[in-house]
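Same chain, two partners: chain A is paired with chain B first, then with chain C.
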Partner chain A sequence: MNQRSRWWSELLVHAALLVAVAFALYPVLWVVSLALSPGGTPSPRAIPLPTAVSLDNFRAVLGTHDTAGRWIFGRQLFNSVAVALCTAAASVALATPSAYALARMRFVGERGGMRVLLATQMFPGVATAVPLYVILDGLKLLDTRAGLVLVYATTALPFAMFQLRGAFEAIPRELEEAAMVDGATRWQAFVKVILPAARPAIAVTMLFAFMSAWNEFILAATFLSHEEAFTLPVALQRYVGEHDAQWGRFAAGAMIVSVPVMAVFYAVQRHLVGGLTAGSVKG
Partner chain B sequence: MRAALFALALGLHGAVAGAQHLSLWHAYHGVEQQALDEVLATWRRAHPGATLDVLALPFEAYASKLESAIPRDHGPDVFIDAHERLSSYRSLGLVAPLAPTNGVLADRFDETAVRALSVDGELYAMPLSVKCAALFINPALVPLLPSTLETIEGMRATLPAGVFPLVYESQSAYYHAALLHAYGGEMLDARGRYGFVGPAAERSVARVIAMTRGRVIPDEASGALVTQLFSTGRAATAISGPWLAADLEGRIEFRVIPLPTVRDAGGHAMQPYATVEGAFVSSRAHDLGAAAALAEALTDVPAAVVRARVGRQVVATRAAWGDETGLSQDPVLAIFRAAAASARPMPVHPHMRAVFEPARQAILRALRGDRSVRDALVEGKRRFDDVTRPLPPRRDATMVLLALGLAAMGLATTAVRRAKDPDFRLALKRSLPAYAWVAHAALTLALLVVVPLVLGAATSFYAQQDGRSYFVGLANYWDILTARGGPIFGAGSFYRVLGVTVLWTAANITLHVGLGVGLALLLSRPLLRMKALYRVLLIVPWAVPSYVTALAWRGMFHRQFGAVNALLGVVGVEPVSWFARFSTAFAANVTTNVWLGFPFMMVVTLGALAGIPKDLYEAAAVDGADAWQRFWKVTVPMLRPAMGPAVAMGAVWTFNQFNVVFLVSGGEPDGDTDILVSEAYRWAFTRQAQYGYASAYAVLIFLMLLLVTRRRGAEAA
Partner chain C sequence: MAAVTLRGIRKKLGTAPILRGIDLAIAHGEFTVLVGPSGCGKSTLLRTVAGLEEPDEGTIHLDDRDVTRAAPRDRDIAMVFQSYALYPHLTVRENLGFGLAIRGTAKTDIDVRVAEVSRMLNIEALLDRYPREMSGGQRQRVAMGRAIARRPAVFLFDEPLSNLDAALRSQVRVEIKRLHAGLGATMLYVTHDQVEAMTLADRLVVLRAGAVEQQGPPLEVYERPASRFVAAFLGSPAMNFVTAVMGADGATATAEGLRLAVRPALPGSKVLLGVRPHDVVPADDGGIALRVDVVEPMGFEAYAHGTVGGEPFVARLDGSVALPKPGDLLRLTVPKRAVHRFDPETERALSEEPG
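Let's turn to the complex of A and B:
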């Protein structure tokens, strides 16, 4: 009897999980089948499997050239990769020392600073887009990738600092104290002891910064005004305009944009549980 | 030294190249883009020394991008747009006059086109093409050419069940205007007042309702559906512009005739709007002469012929219609040219842009039948008046500056007093090493996060007109908090949108936490097989870019080709118009956002569950607690501290979740599913650029979130 009820409960658990997996995968499969279907307009089908497979949509998206005959897709792919990598590097480089100071040192303005940091997360981006436009213009960085990296990195900074502060606090003080007793400066202890110990959290923080930069399109579409500087999401936006929606192209483009970020995500995901809870996003 | 030389070389290079460097923006797609590309390729061959950058932008973002880029010298030298934008571009000082209206140059173009693109005797754009709607006919289904709308309606009796007599975008104000004009009404009068109310408007809308109910026209036809139905022989006639011809050629046989007359309207013909597209020259063009020459090159005869043949445009260059080009023998273009001559030019008043959305919503409301036609139209007028309401009066800023000055002085004296305090000085001195660690982050944050935030907040005390701002005090806040004089819970009022936002946040957080915690509990069962596989598959939604997700879900909720309706069809449920009602549109948004957000909660819960010591459960089991009691007495209390901050953060994000609402329902129906951020976005970017008003919304959102989280923080402490 007991055996049998355990078997039943096991079955129920798997059934529930399978339903959840179906929910999680269905839209993804829908996009994949749309991308592989020939022709632009989707047909109403419940099972997301293409009836005929064609790579036309991929060919069209990958082979996008501009009017001057340059291979614009390659250029935009490069922009996206460069902007996302630089954002990840810059935000973590900016966040680690300050997060360390917040975790280990007491200083005047610490609490006020933390409060301001937390408050910035509550202000909607709608109202800051125009001032940012003006500031970037003043810095002569409007319509450049560097300007975009700067904006993305600072936007990602508050979250990165919360994340890393939590991670550093979880590392026992004794570790770096031991190093400093052995003659290391605080900076050396930070670089040699703390950073390696916080590797999973740093990886997760970089992942989030990378993802936010890779996926952002509203600011990019506002700040960039020549096609060669566009990132992929901005280019992708054109396929689903109000007046002419090319769903097949959009789906193919969406897959091309999603695959790299998913690869990075899955490379780091095993750190996700540890990396996130250590930070535990507490303010 | 080397750097200086390098900079000098770059500067020189820039100066030399500057003369021959041009840029052009447009919002074309499909065949029109192809035709333009061809014309520009010819231009490039003729100007080997010059460089030309071309930028194709989505139509929705086009005008606001031009308006922000040109004044800062980041705009194009030449851009293509329609004539009804001319008056607002001119008042913003974005466009340069090109030639006198009565000169030799203007004589090369059709007179109506020149008139549409001129103000005060000056031509502001090189006329490219004239667009208007006409009637497409499938000769296989319609043997006799119908001359009245009633004839088309009569075909319902003879056509097979799956074939509509007529298809057009019936809810679009642009197409509806043709019918309205037949009944003697107009969308906007010459003084910029909304005209889509009153007897003529009511009769025209009642006609659309009758045709929809009688299955003469399909419900909710989008442009894509018009093409789809007509090209597959499932619509006998269609109302559309020359662009439809490009999609049909080679797929189906068709003919084009002018729009029919309406017997019910006293035999008047349906009169479509005509819009004239032109190549404008930016007032900030680096070289006005070169830019004007480029704009002119788009209109010479060979270029016009390419645009007509490839892009299916009714070109405005007179000589292109001469016998030697053969354009006048093209049955489609010739009919459209004749139709354009008797079409009604779209009004040029700046308020024209504000007409389309309220008028569309009014037609939709009347079609849905939850309100009488008259009420639906009156509500449309109210919305229009709301968006175009007079801006608040200018206020004197002296008192505010004085108050700010006093506050700054007060702050300065406290700072000085504190700086004299020896304890504080000691603390400050001790802090110096820490500052070395945080300075760079603090500086960048201050410049790129705090300063924009403060500037953005300050904008809320200003109003914008013709690209200039003036101080209005608290008027924006007053307007928002008094629901702009309308009913407190009326459509689009702050309180109603706030209610939707709170409901939205609560629904999402409940489902995120419920699903996340539930799945995490299942996954953390010690004996579960394939645990790792399940976990990897369940976090897929987190990895996919959120705008891709949002757009994919919007496609899946599409009434005609969406997967959700297909799934419902399997179970035998009728297709649902997801975005026609608040409840279903809201459900669609929530489904999308739950899909996006549950993996985060699941992963956070998994981490928290891993941190609960096993012996707690053992102790509880020893005490005789069953599984249910163990969950409530051990798991829940132990999860709470780790989940609290994640839930709070999630609530803040959801409250401001712009992407999902904007991309999935887009606020449909009628802005009902808009949340505060998307409402603010609309005021800033789609409703006459009222940045100050949008900022006031942003500040209110910020203050509410700050207050609520402070409260929660105080309770927790």
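Let's turn to the complex of A and C:
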């Protein structure tokens, strides 16, 4: 009886999970299927399996050239990579010391500052699109990678600070006290002991900032109007225009954009899990 | 090696006083143990000496040097933390050499020093391991090694053994004592464990609520506790207390079968008598009547717990004789010199009994 009811509950759990997995994977499978189907238009089918397999769409997207014959896809890929890397580097470089201060020091405006940071997270990013456009225009930074990095890094900063503050708070205070008794200045203790101990958290935060910049579309589409300044998400969107929808190329482009990020995630995930502080203090 | 002198150390946390005017002089090479219940301020005092906390008032001198406001790194002290606080991303070798490296010691000198310390502590086989790859006992050793490698003027220990299991704890305790003898260094050691306090200390400092309650050589403090607090804190099981009433002659107090000559006082006034469980002797009749409810046999000895005149009372018995059973009435006598006398109001020890 008991055995049987356990069997049933197992079955129900798995059934529920399978439904959830199917729900999550179905659109992805459609994208894969579209990307591999020759021709541009999707045929309405229930099961996303391509009738014929071809890599034409991938070839077309990767080999996109502009009217002047320049390899525009390469240019846009570089834009995306450069913007995402600079966003990750800038936001983490700024968030790390400020998060450390928030985690370890008491100062005027500490709590108020945290609240303001939290408040900025409550507004949808689009709400700031117009003022940001005006600012970037004034700074002559529209259609530039620098302008985009500036916007992305400032939006990624509060989240990065929250994330890292939590990480620093999880590092035992004794570690830096030990370093300071051993002869380190506060700065040396931070650089030689705390930063290495926080390395996994810093890596995760960087990855997050990188991905948010890599995937961002709305602001990029607002601030960029020249093809050679586009990041990949903006370039992709142009495949699905008002008069002409090249769904196959769009899908192939979507895969090209997401596969590298997935690869990075798989590569670093084992570093993300285990905390580096294991074993430093009794636990 | 250095002498440590604390004068009038006061510190508040918010409005709550943590240290209430501590004066302490620790001589060159002395092993001083700060002991007291949790919250008595002993760790704060140690951290103040380390420079991790700043006192609100008072001064700290290492020898003649005023280090009250000096940064921890400028004090020439080393500290062993309760949690060990080993650097997680460094190997044992790098952990041991960290303090030397950061002070710019030459690489070859560091290697020599690390080799020396690891031999001393028997951790040579662990040098290339990371903290997470070691047991608690091994980490504890490395934490001590890190302190020793620096050859500091003063060693500070903040409850270094409290995360070890009982067997390991007594083993490392002996080792610390041996280290102290070998290094001859000034050591300041914080613990709430009275066994560590008694066995390690050259001088015992009992803290209570941020003030020194009593200090002196451990045996002296044990044998002549200055207050009920100290008497109850040192010794396990803890001292028993019975309230006695002065007889009509004004010089003899009686309580539950104890009769004792004490300093003359008004007939009918009260005096608190303290008796250590180890000082009672079973008797055929007379003496104190202990109503036993629990017996703890330890093999070589046994503890009989019960009540005397309604108050809890514990007696140590020889393990080789027949033990009482719960419900038995045990007759005990106490040698007069083993009875401690306290004022029931102030709880301070009363001076020597007359004659």
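Just so it is clear, the second predicted complex is superposed on the first by the 245 of 283 C-alpha atoms of A that agree within 3 Å, B and C clash if a C-alpha of one lies under 4 Å from a C-alpha of the other, contacts with A are read in each partner's own complex, and residues count from 1 in each chain.
Operating definition for what follows: a contact is a pair of C-beta atoms (placed from the backbone, for glycine too) under 8 Å apart; a residue touches a chain by one contact, two chains touch by 3 or more.
Since we're looking at a predicted model, the values are computed, not measured.
A.B. asks: Is A:Arg238 in contact with chain B, with chain C, with both, or with neither (first, second, both, neither)?
C.D. replies: So A:Arg238 only meets chain B here.
A.B. asks: Could you tell me if A:Lys192 is touching chain B, chain C, both of them or neither one (first, second, both, neither)?
C.D. replies: A:Lys192: touches chain C, not chain B.
A.B. asks: Per the contact definition in the header, classify A:Leu94: touching chain B only (first), chain C only (second), both, or neither.
C.D. replies: Only chain B; A:Leu94 stays clear of chain C.
A.B. asks: More residues of chain A in touch with chain C or with chain B?
C.D. replies: Looking at chain A, the partner in contact with more of its residues is B.
A.B. asks: Under the stated touch criterion, which partner chain does A:Glu177 make contact with: chain B (first), chain C (second), both, or neither?
C.D. replies: In the superposition, A:Glu177 touches chain C alone.
A.B. asks: Quick one: is A:Ala103 in contact with chain B, with chain C, with both, or with neither? Answer first, second, both or neither.
C.D. replies: neither
A.B. asks: Residue by residue on chain A, keep only those touching chain B in one complex and chain C in the other, then list them.
C.D. replies: Touching chain B and chain C on chain A: residues 276-277, 280-282.
A.B. asks: Touching chain C in the complex: which residues of chain A?
C.D. replies: 172, 174-175, 177-185, 188, 192-193, 196-197, 199, 276-282
A.B. asks: Help me check something: in the complex, which residues belonging to chain A touch chain B?
C.D. replies: Counting only chain A, the residues touching chain B are 10, 13, 16-17, 20-21, 23-28, 30-31, 34, 41-46, 48, 66-68, 94-95, 97-98, 100-102, 105-110, 113, 116-135, 137, 142-143, 150-151, 153-155, 157-158, 161, 186, 211, 214-215, 217-218, 221-222, 225-228, 233, 236-238, 240-245, 247, 250-251, 254, 257-258, 261-262, 265-266, 269, 272-274, 276-277, 280-283.
A.B. asks: Under the definition above, what is the set of chain B residues touching chain A in their complex?
C.D. replies: Going through chain B, the ones touching chain A are 23, 29-30, 37, 40-41, 44, 51-61, 65, 68-69, 72, 74-75, 223-224, 228, 424, 427-428, 430-431, 433-435, 437-438, 440-442, 444-445, 447-453, 455-457, 459-460, 515, 518-519, 522-523, 525, 527-528, 534, 536-549, 551-553, 555-556, 558, 560-563, 565-567, 569-570, 595, 599, 603-604, 606-608, 610-611, 642, 645-646, 649, 652, 656, 658, 676-677, 680-681, 684, 691, 694-695, 697-699, 701-702, 705-706, 709, 713.
A.B. asks: Can you check the complex and tell me which residues of chain C touch chain A?
C.D. replies: Answer in residue numbers: 50-52, 71-73, 77-79, 81-89, 98-99, 102-103, 130-134, 136, 139, 146, 150, 163.
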